[in-house]
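Letters A, B, C, D, E and F name the chains as they come in the text, with residue numbers starting at 1 for each one.
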Amino acid sequence: MPIVTIQVTREGSVPDRQSVTAEEKAALIKGVSELLLNVLNKPLESTFVVIEEVDTENWGWGGLPALEYRRQLAAKIK
Amino acid sequence: MPIVTIQVTREGSVPDRQSVTAEEKAALIKGVSELLLNVLNKPLESTFVVIEEVDTENWGWGGLPALEYRRQLAAKIK
Amino acid sequence: MPIVTIQVTREGSVPDRQSVTAEEKAALIKGVSELLLNVLNKPLESTFVVIEEVDTENWGWGGLPALEYRRQLAAKIK
Amino acid sequence: MPIVTIQVTREGSVPDRQSVTAEEKAALIKGVSELLLNVLNKPLESTFVVIEEVDTENWGWGGLPALEYRRQLAAKIK
Amino acid sequence: MPIVTIQVTREGSVPDRQSVTAEEKAALIKGVSELLLNVLNKPLESTFVVIEEVDTENWGWGGLPALEYRRQLAAKIK
Amino acid sequence: MPIVTIQVTREGSVPDRQSVTAEEKAALIKGVSELLLNVLNKPLESTFVVIEEVDTENWGWGGLPALEYRRQLAAKIK
């Protein structure tokens, strides 16, 4: 009876997209449910998956909003 | 000081509704707060309730997005 | 397919108990599952309930650990 | 590697605002990340912060939706 | 910067074990982190995974504690 | 009525300690409650804080259990 919660920022996986697509969500749900079947013998029917999309300004990393932290990280690497 | 989090899919409880109504939310809040009072003697004022509505494409069951899983389940029963 | 998470402090509901009993947990599970059936027509079989017991020193209220806040509250009332 | 989740009602901190501002969110992220650095020696880069804004009708307190509970509380104080 | 929370009952995946093993936990962490890399291009280093083991008496399904629900389910199938 | 959840690994902040101390927990509760007062005008009495300590083998980063990831990170830096 596992419950898997996946929190990601609300943004696209490639530059021209603004959000996670329905296909990507279905792939996450399928992949993680099969993982629990393979590793812990949990039947697919007993796993719940909840995907939570979080606006980038609501996500913090390095003491900063996520996008600003990424900008600083990118600048450092150069 | 209990905290109760209720996660449900964002859909109506009857066919002609698209979401949980304010009255239904109030009934959930009242019901669960009274349950904690009756079972564990927690005063109403010390219970917080948070209702999270999750888009159906963000909810997985049986390795599939929720609506697709329900369709398969319904087809099996016939 | 609701998921209900109930967080309570790890302590007894009456003075001579140190924790929530198995009977009380079963009553919480039953009560909240029936509430979702009654209010939102969710079948009992589709509701998951998770009870999380939190040590009192890990719970904060009023800027203080829970037990200390309660002591201050009790002192104020006198 | 701490994760801090901050749940607040979706409303402004002063009467003429309808929501938490980006500046306030940045201040929460900065403040809580520095707190974990100061108290537990966690480097800023290893702390994730997620802010969840909850509609007031989805938040319960005192067995009532939040705004109604506040109204009752305000009426009692008078 | 995804965060994945995996909640499972505290029990073994085969009859002679009482809990999830460290190897199984490592397999869950590896599998879900690679899933987020493959589906959403999230670098391994930016994914946090938290596994929460829940005592079976703290997990409810079908309005009952989990083990009792499983017993009823097993009896029905016979 | 904010709720703040702080998840940290169950380990000491200095080498000779095995866990977060009660004093450190109280400092986290005080600090984060005052932050919400200062940034969002939330009264101390309306903020709940829950600290969750997670065993290091239950925490994943970089596709690995946390301690193994830290070892690899430390080896790379040398």
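By our rule, a residue touches a chain if its C-beta (ideal position, glycine included) is under 8 Å from a C-beta of that chain, and two chains touch if they have at least 3 such contacts.
The UniProt protein names, listed by chain, are A, B, C, D, E, F = Tautomerase.
Bear in mind that the values here come from a model prediction, so they are computed numbers and not experimental data.
Fewest steps needed to get from chain B (Tautomerase) to chain E (Tautomerase), stepping only to touching chains, is 2.
The pairing of chain C (Tautomerase) with chain F (Tautomerase) is characterised as different-residue: of all residue numbers used at this interface, under half are used by both copies.
For the interfaces D-F and A-C, the C-beta contact count is higher for D-F.
Summarising the inter-chain layout, the chain whose CA centre lies farthest from the centre of chain A (Tautomerase) is C.
One finds 22 Å separating the Cα centroids of chain E (Tautomerase) and chain F (Tautomerase). Centres computed as Cα averages put chain B (Tautomerase) at a distance of 17 Å from chain C (Tautomerase).
Put simply, the C-alpha centre of chain D (Tautomerase) and that of chain E (Tautomerase) have 29 angstrom between them. Taking the mean of the C-alpha atoms as each chain's centre, chain C (Tautomerase) and chain D (Tautomerase) sit 21 Å apart. In chain C (Tautomerase), the residues touching two or more other chains are 1, 3-4, 7, 28, 32, 48, 50, 59, 61.
With chains as nodes and touching pairs as edges, the resulting graph is of another kind, matching none of line, ring, star or complete. Across the whole structure, chains are in contact as follows: A-B, A-C, A-D, A-E, B-C, B-D, B-F, C-E, C-F, D-E, D-F, E-F. Those residues of chain B (Tautomerase) lying in contact with chain D (Tautomerase) across their complex are 22, 25-26, 28-30, 32-34, 44-45, 47-53.
By the touch criterion stated above, chain B (Tautomerase) contacts chain F (Tautomerase) in their complex at residues 1, 3, 48, 50. Contacts from chain D (Tautomerase) toward chain F (Tautomerase) in the complex involve residues 1-9, 13-14, 20, 24, 27-28, 31-32, 35-36, 38-42, 59, 61, 66.
Against chain B (Tautomerase), in their complex, chain D (Tautomerase) makes its touches with residues 7, 54, 57-65, 68.
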